[in-house]
């Protein structure tokens, strides 16, 4: 068939022909040029789609003609090339649209678009090349045609950029050429073959092959920007934004790394490369690049430069995936080819938009840009979060597979690299998002426009500038969310890897699906509601959405029998949702508290600012919370977990005052640390459980995996010493949000543990013991510190830590004595349920009681309202607390010390509650409070009643009802309370009560230490002009990072990276220890 | 097929006749018309010769002038290689004639140009086709004097001095060659190349003759360090003349050096000599490229680039060490050089034409004063870029294929040090090509803007240049065909005869 | 023994080569253009002498081919010399023209 | 080697300009000496095994149409060389042709009556010119049998021309069509005859044995005219006595 032998060539030519035509178009014939542009891009996409369909139907596309004897020009569509070709075609299309908008009115457009076409043509050629020589030809061609694009602006900077670019790429090209010629003379035509071509060759000196490999990688490494060959990339930022986008996301950088993939897999063959010991070196270089470039990125204040360094770092993931030399890592590397492209192109589009519309080039000018350009910054945020590797964005999928792949081949250090890099990614991306969304705009934008001014058109910029980033960001998100779909890049990557390693890895687990649509709806509803916020009419009535979104879930959770699973193989890696006895209780708890908090918010937020923002984060966090409870697969769980954690950031920072900012910073730092640790743990888990996507708490879990899981979820649960964010974040949020944070969100950690730790299967005595110790220390220490708080919400937050300490100890018991776990689990669930509802009620009290007490005739009611939950927490008879505690006690009975400790903890709890009442009383009498409204009353009443009654509804609690009324059951529990009252009275008499430990205890210490370091650095005088220093040395970079962090801090008087650094060091040490 | 053989003299006689006609009519338009028609005719003739040549059994056609045959008479000899050279000549002549018809249209120089032009072409064809060493001497003189005369029509003082210097060098070279002819005739009593090839020995006289021929022809070819005359001469001539000088004239003498070393006087040639030639070639690559990089005038830069490219040609010799082919013009190295000749000819002439266009527009070719040029003659810059890419050896171009073949040969013969030379030559080429392009693209502080434009040029001029540049690209895709017709193609057996071990041995 | 080889033919040939050498030396070290042109002619004469001397072989008539070559060579040498002289003249003219301006 | 060329005739004023330093000159001298010695050594050591082409020439001489072997070689056996040689001369002629002027008259020779020629010159002219032309004709004719031929004849006739045109009374009009015809007629006739005989014999320049002598004479005559004209032009251009020549350059 003529199609089959010409289609690849036609695809390459289509871009080139349109380039040639455009080159000849008169400069002023805008319409003609634009239509040619769009037509060319569409044609290309169409042809690629035709080819894809053809390949699906099993046809082989290959264009081949002889160049020299034994040397053919081959263009061929195999799985790997299709991946890259599709990416290029699609991204070209969007970049074209973007570039048309971006370059409106500028000079030399015909030249620009002409070479643009050539560039894509060359990229297509690189992608479709069927042997190394063809690859080389198009690779060099690419250098040539991108050169006019890089220096399109023609100013001094772009001249310099062009020169640097050429010097690097030309030398790289020469080295590559030498390698290819040599290899060709040894091994013949070098047609790409899925399993490599060299292994079968007889009589080849292995040392020569090694040298050639180094030559090839050095040549390709220039474009792939491996250190130390990356120098051109940041300089090339002088090019116009669409060019940067194309260079970084598709064309040049990718061509280099694509070449590495080809060389390693299709020429040398992965097995053979490993035998030759080549992959390790490559992996080390890639890893070094990842870390080094990330560090450099932190020091950049120029947005595009920061993105450039980020590219250097991210692209090396692909090389890393290639070098890890395992099937799973291969998938990760290859899929990152696409993911990084989508995300990075989005970011460059956005950077271009910012520069074009507001003149923003520096990160320091970015404050408040989110409100002025919401679509752009949303797209940017999605891309950035994806880059950091937060699920479910595309970047996570890549990192996930890389991590699991690394474990597969026992290359644990790569996990450390991934973790460090993710942290660094967060360090350089999150401040951008923070500044754009949460900082007020400066007096005017860099281009002189006032922040007050409305955008001129309907959109924030020309639609051609807005559409492409929006779509690519969406694609990046979808690529992650629907990773399991057969249309996703991941599917193709698996296909490619299967080609390389054999087919067993492609199989996606096909579960029989018993549909429980209600489960899906419970997750989807909040999401839909948040999407509905886009509609103005709904925005004006947004608050009412909050309870409305939660109500159906509440009904579902109550009515649905705990049975059946829901599988949606397209979503994530094949997502599963199911409800069983345990998570039914959690779901009821969550639904109840979310519903109540939603109701409460309607009243509470009525007169406050930024309602829509609040609703958005509220709904997203709600979605995450429900999702994580229901999700049975790893990816689904971690996705929803992250969604919840990050959305809560918006809730914590909501009031946007200093305290809230400080709290939010601490919060997000710990979220990121937690995520990173979790990532490491979960990848290990995924590998050891034998399937990459299924959650199974395996019996063969490695020790370190358990440790990481414990630590990772421990962050959420307030396990000391990871608890420091909690007392800061919980009080900072608006009252309903605090209730949620303390009431339900902390339980996510528990859910994680229950689901992923080998509880009940294996005894991991050391960790179990550790948890018991840490748990109880938490219980008592938190009680002590809480006693010294002056803010009611802080007291409650410490109480949460204290209570969670008990839960932690319970899990510790489960870990240590697997045989006890069947008894401990329901007790823990009950305890969590009880604590959730009651703590939420107590947080509402902080706002509700003073309002109630404001009316004299309702004071008694107020006292009752507050006393009942207080007693419940303490665990007085008949209260939910009593049931929960007796359940716990029962399950601990066989352990000597624990019941006693439990009893003692009641004293602490009682003290805390006394302190709470004390503080609350003072504030209630001090401050004027808002009037009560029906919403708040209903909400509070609901929770109040639930806190008293609901636990009796649960069948699990029936065992622990107070059945015999005796002294020991009725009066003994009062003893600790009495003891506590006495103690509290004594404390009040002493000077102790004037002391105050600031919320966040240890973190404050750390901040102090780093403040001293700051002073010391300042004295050294380096940081003064640090931002002007342009020399590239690691030492100076460090100073710059330091100075930068300091500058951020001095601007915001916010938190300190000390905590981050600590986490960092922690991860490194742990990983180092494990190796 | 005999009709083709009978038409062989037309390669020389038609240009001569056209030259006389042009001289007699003394009218520019008529000259142009005759020239273009004849150039087209020559092109067709050469193409059909090229296509026909391989249908002959030996791949060789011979034509005896005056019917005497060798050794008494003079014969023309066409092999695949020379047919390719002739075809290349005719092709370039056609394009350059079209170009010149516009380039010289407004000038009295045209009347002088056309007759000389055709005499030069007659000389080139005579050189490539001749099988008689004395006839080759006469052809050399025809080429040399015509070239000098063509440079001298520029009539500026530097051009005249360059022409004079070139003339002296050319005469010196010719005399050395003639002395060698005398020695050879004295020793062997025949002047026919093919006959000589059968009877030569490694006598002292033959060695001396080979030495004299090498020195004399290296002077003409401008092999480093005997290149001193070239930059001024090639840089000072008018654009089409520079093009033909760089593209073809130097190749003529190179062809003969190769012919004598590898074929006619092969018994007298030593391996050491072959390698020394290669070393000078390497010197030329580096020296020429570095000087091109620092040249302040565009055409001088291009001329120095020719010096460097000639250096590549001389890498042929070391690569032929130990060549077992019976026919000297076979073998992978020869294929590489053939390709390089073609690639360089098209690319370099395209480059000179582009430089000529720029000079026409700007009135000068001082590189520093040409910042921002790209807006005023984009097509010429584009052409320059493509041709430059071919010179650098970037794919897809003929230059890339040539360089590929060279590299591949260097590696298979275990002479890896040439790889370094070739690659650094390519990098240096990139440096000077892009140095100019960089300036041309500069937008800020441009030294060249609308006010500096001296004259407008006819669109035919840049199109001719572009056609040649595109030709280098097209040739990059037809490598096999070209090697087939040139008869240099030898199918190598992959991976055999060469393994890593013996390379390692060489490296030690 | 060497003397025995010094046939007249060799003597003439050696003289030709000597002339060639003298011309070459002159071409290299004499700066003046006319002398350079003369030097080239001297070289030419040397070559012609070698050719003519080699035409004579033992007990045979003179070989006409070298003679013909010499004749052709002379014409070519004349042409070259004339061209060189003409160029020199034009250069001098342009020099004086520059000076007068 | 050619970096410094002295163009001024009064180089004696600045003897050092452009001259190689003595050590360099000595070095060059010794190198050249070495070269010559090597060449001579090569000559001596080489055995001449061949008989050259003498036998071939003499055996074919009867078919060549001339009796003088040198002429036979020049105009028959290796006539192609001679053809190219005439082309070489044409190059030089073209270079030296003065640039075309607007007023191009058609007469080949202008006679200026007013000019007064010197008495010695004019009498010399009267004697010498016809003699030279006749001698030239003889040379041309005798070339077929004994030494002589087109170049020798052309040189003699050019001498006559020089005598005529150095005298200011006669001026040759180099712009005229006739002059260009004279310059190129040698090549023209050569090519045309070569082509014409090829129609008969099949090979270019292969004369029918029967007509060989007359064809050679015909070609030689034309060549003589061209050579004479060219040499005349060379002299006039380089010596530069002609008025209009100087004006044009």
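First chain written, first letter: the chains are A, B, C and D, and each begins at residue 1.
Keep in mind that, in the parts below, a residue touches a chain if its C-beta (ideal position, glycine included) is under 8 Å from a C-beta of that chain, and two chains touch if they have at least 3 such contacts.
Keep in mind that what you see is a predicted model, and the values were worked out from it rather than measured.
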Report summary line: More contacting C-beta pairs: B-C or B-D? The answer is B-D
Report summary line: Between chain A and chain D, the Cα-mean centres are separated in Å by 92
Query raised in the report: In whole angstrom, how far does the Cα centroid of chain B sit from the Cα centroid of chain C?
Result: 28
Report summary line: Note: chain D sits from chain B at a C-alpha centroid distance in Å of 30
Requested in this report: Could you give the separation in Å between the centres of chain C and chain D, each centre being the mean of its C-alpha atoms?
Outcome: 16
Requested in this report: Please set out, as single numbers or ranges, the residues of chain A touching at least two other chains.
Outcome: none
Query - chain B residues counted as touching two or more neighbouring chains - result: 134, 138, 141, 145, 149, 152, 161, 164, 168, 179, 183, 185-186
Query raised in the report: Which residues of chain D are in contact with two or more other chains?
Result: 1-2, 5, 39, 43, 48, 51-53, 57, 77-78, 81, 85, 88, 91-92, 95
Report summary line: Checked against the stated definition, the touching pairs are A-B, B-C, B-D, C-D
Query - Residue numbers on chain B that touch chain D, as the complex places them - result: 6, 9, 12-13, 16-17, 19-20, 23-24, 26, 63-68, 71-74, 108, 111-112, 115-116, 119, 122-123, 126, 134-135, 138-139, 141-142, 145-146, 149, 152, 161, 164-165, 168-169, 179, 183, 185-190, 203-205, 207-208, 228-229
Requested in this report: Give every residue of chain C touching chain D within the complex, in rising order.
Outcome: 2, 5, 10, 13-14, 17-18, 20-21, 24-25, 27-34, 36, 54-55, 57, 60-69, 71-72, 74-76, 78-79, 82-83, 85-86, 88-93, 95
Report task. Under the touch definition given earlier, write down the residues of chain A that touch chain B in their complex. Result -> 65-71, 73, 108, 111, 136-138, 140-141, 143-144, 147-148, 151, 153-156, 159, 162-163, 166, 170-171, 173-175, 177-178, 181-182, 184-189, 201, 203-205, 207-209
Requested in this report: Show which residues of chain B lie in contact with chain A when the two form their complex.
Outcome: 372, 375, 378, 385, 389, 392-396, 400-401, 403-405, 407-408, 411-412, 419, 423-424, 426-427, 430-431, 434, 437-438, 441-445, 477, 479-480, 483, 489, 491-492, 494-495, 498-501, 503-504
Report summary line: Listed in rising order, chain C residues that touch chain B in their complex are 13, 17, 20, 24, 27, 33, 36-37, 40, 43-44, 46-47, 50-51, 54, 65-66, 69, 72-73, 76, 79-80, 83-84, 87-88, 90-91, 94-95, 98
